[in-house]
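There are structures below to look over.
Below are two complexes that have subunit A in common, paired first with subunit B and then with subunit C.
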Partner chain A sequence: MKERFATGFDPFVIPFLIGMGFVLAYCAYGILRILFQLSREDRRRFLLSLVTPATALKNIWDIFCNCLLHVKLWKRNRLLGFMHSSIAFGWFMLILLGHVETVLFVPHRINLFYYPIFFNYFVAETDATLRGAALFFLMDFFLLLILVGIALAIIKRVRSRWFGMRRTTRPSFLDTIGLYSLWAIFPLRLLAESFTAHISGGSFLTIPMNWIFRQFFGNNLYMLPCWWAYSIALCVFMCVLPFTRYMHIPAEMMLIPLRNAGLRIRHPRKGFARVEVLSCPGCGVCIDACPMSADKANLKDCTVYLNRQIRRGNERRIREISDKCLLCGKCEELCQVGVEGPALRIAQREMRQYAVEPDYAAVDMAALREAASGSKVLYFAGCMTQLTPAVGKAFESLMHKAGVAYTWMDREGGLCCGRPMLVAGRRDAAQKLIDRNTELILSSGADTLVLSCPICYRIFTEAYHLPGVRVVHYSRYLQGLVLLGRLKLEKSDICYVYHDPCELGRGCGIYAEPRKLLGQAAMIAEAPQTKGESICCGGSLGSISLDFAAREAITRHALENLYASHADAIATACPLCLATFSRYANRPVRDLAEIIDRSSV
Partner chain B sequence: MKDFGFTLSPSSAVSLDKVDSRLWHKLLETSPDAAVCISCGSCSASCPAARWSGMSIRKVLLALQRGQSVAPMLSCCMLCGKCTMVCPRGINTRKLILALCRICEKP
Partner chain C sequence: MKEKVLIIGGGIAGMEAARQLQALGCSPLLVEKEHGLGGHVARWHKLFPDMLSAESLVTELEAGLSGVTVYRHTEVKSINRLKDSYSVKLSNGENLVVRAVLLATGFRLFEAAKKEEYGYGVYDHVVTNADLEAWMNGFPDERMPEAPRAVGFVHCVGSRDIKAGNSQCSKVCCMTAVKQAIEMRERYPQAEVYCFYMDLRLFGKKYEDFYIGAQRDFGIHFIRGRVSEVGETIDGRVQVKAEDTLLGKPVKVILDLLVLMSGMVCNPSASALAPQLRLEIDSDGFLRSRDNVAGILESGRPGIFYAGACTGTKTVPETLAEARAAALRIYQYLQA
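Here is the complex of A and B:
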């Protein structure tokens, strides 16, 4: 290898340098701004985590797996995974190998920023070594990989259904410029390297192309324009990057360390939330995932649009989108970047000011305390269970059969658990309810609290501090009674499909226990979309603005999914799902407790 | 005054010509479904806050139309959603309560 130019410079690198300079400056400014927006304690925690070896290693590993290899996307959709990782990983390898080549062959040029990018233009091959051939082969290989990825991306733009996606987002004007410049970069690089291959050397892709080109064009006239075009495409891409969805590339590299440091959303727009919003590449996975998409009117209310509107600062739409969401968590479950759709929305709701503050001073605590005292096991049915008395009755009957002494603390009515208030964005009011319930439970002297409503269960596990009290969902508690032999179950031949309630499944990670319990009492069938991908029943208290009529389409959509299992009946473990499904279902809907009660002897 | 063992309650007649129903009309802008309430009382019967506060969506809606104060009732709501679940008219009562909490004057 020898250098072709003593200066090691050509004017065509200038556009690239401008673009690179701009994007680096912008990112540096962005990082400082985010750091500044974090609370002092969060900032300390984050910076500390960067120098902690274990977290630092985890950061590198996660960035490698998620930003370059797109492991999560592979698991979900192989074709999409291949498309994204071939571009991201291929590009990374081209940059890396460019540096390796520079270090190996012209080490004194490594301080030149642009040299590894335009390596082939600046060098001439003098002798063919195995080492050089191997590197050239790899360069061509990764370029080919990227080109395949780009070809797939172009096909996906036209025929997204081939990639298993029913709906995608429409890119904005700048997004389109970014997209076209990104698509242009690699074919231009191929052309540029091919035109240069008889001087700089090449491999299986560039050498044959060079040969063909020389048959037609015969001279070096076309070489420089191609390098210019390549450099300009890079410049355009990098200059529009901060204002397009491609901002997700640097943002995700920031999001991963922030998340690994244990930071959470504290402000609806700044700091962590900001990075999360910027990390969304607009892949559109959440559009098909969102249960609200069952109704065309809600198509623009899923998380990708929330992110977009937050970026644009469109307050009216942010409010609309935040209020509509069911907070079912499916978008978060499927999002490969980990954008927390529900938490982001709750944070937006928390910005509102209210003239009337909740005040529960009038609650007759003495009566409630009296109702809660008496035994070691407390049962908190919650508001929703009171609307579905069959659940409470079945639980009572089971406890009776098992001979467990317990107290039903809100049989005559009690206080709400606080979760509906919390997700409506009124944290202080929710805290008042939490404090009162905590006082009732702790003063009762019980050591076990059984809950039959997943909404209550979630807030009791996440926000309550109840030292010495075991908080269990009844599916786990009843399973315990079966294991102890206090409940005997006989298997019936009715086939149930189990619907995972959002708050219990995605919310608390309880998927196996209800199935295990149900399996001892009846046959189980699985719906096509189940467990983490189960579809919200549509009754969720998470949504503020969806009204009764608008929820029907969502419920019917969720039911279709359950019907597809061909089960005789539907089982669930949430009183709200039970009430919602019962409205429209064409087959019986039963709560887990009812089913267990029927088959226990 | 001589104690007869009973008292006369003041008249509770409401002159609909004179009431201040601005809040009611403001509410209807964002929650037009409030107008379809049939005062069936399902919400009052199911409300867990009713036991200790007298809160009830039905009462709130009536009070608004009569120009009476609703803030004390609203402040007792726990947003549990039972009233939404039982309302035969499908009124989104939680949205209505939140809207009222926003637009009410401070009590």
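Here is the complex of A and C:
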């Protein structure tokens, strides 16, 4: 292998250098900006995590699995996974192998940025280069892999259903430019390398193509236009990259270490939130995931469009999208890079100013303290359970059957758990409620707090600090009573389909216990979309602006999914889902406690 | 030859229309899915404002049906339009060819259990207005307390309630609540009676007098405010929390009986027939009339007419008047 040019330079590399220089400078500036936007404590935590071996290794592993291999996408749809990983991993390998070639054959050129990329132009094969054949083969192999990926990407534009997606994002203008330049890069590279293959050498792809070209154009192939085109395509792609969805490539590599360092969204736009927004690849998985997409009017209100509007700074749309969302969390569950759609929206809501702050000073704490005291087990029903009395009554009856002494702390009225305020973005107001409830619970002397509403349960586990008190959802608690033999269940032959409430399932990760409990009392069928992919009932208090007509479409859509299981009745473990479904369901909807109560002896 | 007219629904509208059509020389065929005629009114006790016995009204209407073909326990399975008539298939296997069809399918009571917060079907002493009338008619109901000390009425259950899917006013429940409140007070003079209302719509003849009498002569408490929550005390009584919006204060009342004034929704059997005849459904879920001023009886399809509560909530006198008007309208249609 010998160099063809003593200078090691040709003007066609200039566009590439411009693009590369721009994107590196932009990313360096971006990283510094993000670092300065983090709070002092977060920054310290992040930098420390980078030098901690365990997290550093985890970062590398996660980046390898997610950014290059797209493991999560493979799990979702193999074709989609193959498409993304072939492009990402293939491209990475081309760059890596380019460097290996440079180091092996022309080590003095490794300091030149462009050399590994345009290696084939600058070197000529000698008779002794057979040891390079393996590398040439790999280069052609990975190029072919990428080309297959690009072909799939083009097919996906027209037939997205083959890739398991009903709807995909509408790309913006710059996205389209980025997309076309990305598609152009690799065919142009193939052309350029094929035109040069009789000089630089090649493998199974480039050599035959070179032979074909020579049949057409003669032995003196004029190769420079191809290399120029290849370099310009790279330049265009890298110059538009920061302004397109392809920004997710560098941003995700930043997001993974930030997340592994345990950072959370603290500002609606800056720091962690900014990295999350930039990490959105705009794949559109969240469009199909969003329960609101049952109604076409809401198609542009899912997380991918929130991210786009935040990047554009369109305040009116940001507010509209943030307020509309039900915060069911399905987009986050399915998101390949882990953009926290709900948390991002709550952060936007927190920017709103309210003229009146709620004041809970008039609450008669002495009476509530009195109502909460008396036993080791506390039951907090919450407002939604009060509005669906069948749930509370069934729970009461079960506790009576099991002979558990307990206190229903908010039976005569109590304080809100604070979750509605929290999701509305009113953190301070929520904190006031949390403080008061904490005081009530701690002063009661109880060691167990049972909740029947997943909305309450979520905030009690996430935002309350209750040392010495076990906070437990009633599905888990009742399961415990069954295991202890204090509740005896008889299995009925009614078949229920269990609907996973958003707050309990995706919110708190409780999927198995309700099913285990239900399975002892009745038959269970599963809906097509279940567990993490369960569809929000539409009643969620997460949405500030959806009206009842809009929610009805969502509820009916969720019910269709449950009907597909052909169960006799619907079971759920959330009073809000219960109330919402019973409004429109064509078969009975029952809470878990009711079902257990009926079958207990 | 007498022209045949099919009347779907043997409630008061269907019976009255059948009687009038018979008198006009047509041949009405009355189809009723249940055994007894009279629909909701047959299960009612007394009718406001004169406290007329509902039974006597139904008996009177039924007496006028001599000569009318009545299909009891029968439903319309399908209707097909022929050139200038309709071919009808009944659930008893009979096929009829009729010149005109009158839909008198009426309403269905809103399912009070859907408003779960009121605890119908959950608490022991929560009933609906219809349950109360049935009990007054002598049907035993174990939910009724022995000697109630306090009775409450919740207005607008499933009416004017977008959450429940009904935005329309059911029109008769305000007056029904006032009537039933007075009846309860008469039966149990020692009981306090409360009515929880949004606002009272007492539009008909003598309704306002009734309302004033309920306050002045019977001492019934009217509390303006929606009920927020219903609970049960340890001794099984019903505890109601509401806000008295006139006083601006929350109120809590413990009752022995809570009566829910269930509103009216369109009869599902009318909604099922509508697509076969290509009839439109209005935004309130009832059948859509040609217009709501002069064309309430007209469906917009030749030979199909409406009477009574299938087009919206109606009182008994309104329904009877519509039934007579529909009979005349059909007679004119057949003459033309």
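In this text, the second predicted complex is superposed on the first by the 595 of 601 C-alpha atoms of A that agree within 3 Å, B and C clash if a C-alpha of one lies under 4 Å from a C-alpha of the other, contacts with A are read in each partner's own complex, and residues count from 1 in each chain.
The rule is short, and it goes like this: a residue touches a chain if its C-beta (ideal position, glycine included) is under 8 Å from a C-beta of that chain, and two chains touch if they have at least 3 such contacts.
This one's a predicted model, so the numbers in the text were calculated from it and none came from an experiment.
**Q** Based on the superposition on subunit A, does the combination of subunit B and subunit C result in a clash or a fit?
**A** Aligned through their shared chain, the two binders clash on subunit A.
**Q** Look at A:443 in the shared chain and tell me whether it touches subunit B only, subunit C only, both, or neither; answer first, second, both or neither.
**A** neither
**Q** Contacts for A:424 in the overlay, against subunit B (first) and subunit C (second): which applies, first, second, both or neither?
**A** Once the two structures are laid over each other on A, A:424 reaches subunit B alone.
**Q** Is A:126 touching the first partner subunit B, the second partner subunit C, both, or neither of them?
**A** So A:126 meets neither subunit B nor subunit C here.
**Q** If we overlay the two complexes on their shared chain A, which of subunit B and subunit C does A:582 touch? Say first, second, both or neither.
**A** second
**Q** Quick check for you: in the superposed arrangement, does A:548 touch first (subunit B), second (subunit C), both or neither?
**A** both
**Q** If you stack the two complexes on chain A, which partner ends up touching A:364: first (subunit B), second (subunit C), both, or neither?
**A** The answer is first: A:364 touches subunit B but not subunit C.
**Q** Once the structures are superposed on A, label A:352 by its partner contacts, choosing first (subunit B), second (subunit C), both or neither.
**A** first
**Q** Have a look at where A:393 lands relative to subunit B and subunit C in the superposition and call it first, second, both or neither.
**A** Once the two structures are laid over each other on A, A:393 reaches subunit C alone.
**Q** Return the chain, subunit B or subunit C, that is in touch with more residues of subunit A.
**A** B
**Q** Which residues would you name on subunit A as touching subunit B in one complex and subunit C in the other?
**A** 386-387, 413, 548, 579.
**Q** Where on subunit A is subunit C touching in the complex?
**A** Checking each residue of subunit A against subunit C gives 386-390, 393, 411, 413, 548, 552, 578-579, 582-584.
**Q** Spell out the residues on subunit A that touch subunit B in their complex, using ranges where they run on.
**A** 323, 352-360, 362-364, 383-384, 386-387, 413-416, 418, 420-421, 424, 426, 429, 433, 539, 541, 544-549, 576, 579
**Q** Taking the touch rule as given, give the residues of subunit C at its contact with subunit A in the complex, in rising order.
**A** Touch residues, subunit C against subunit A: 113-114, 116-117, 119, 121-123, 162-165, 229-232, 241.
**Q** Flag every residue of subunit B that touches subunit A in the complex, lowest number first.
**A** 33, 46, 48, 51-53, 71, 74-82, 84-87, 90-92, 94-95, 98, 100-107
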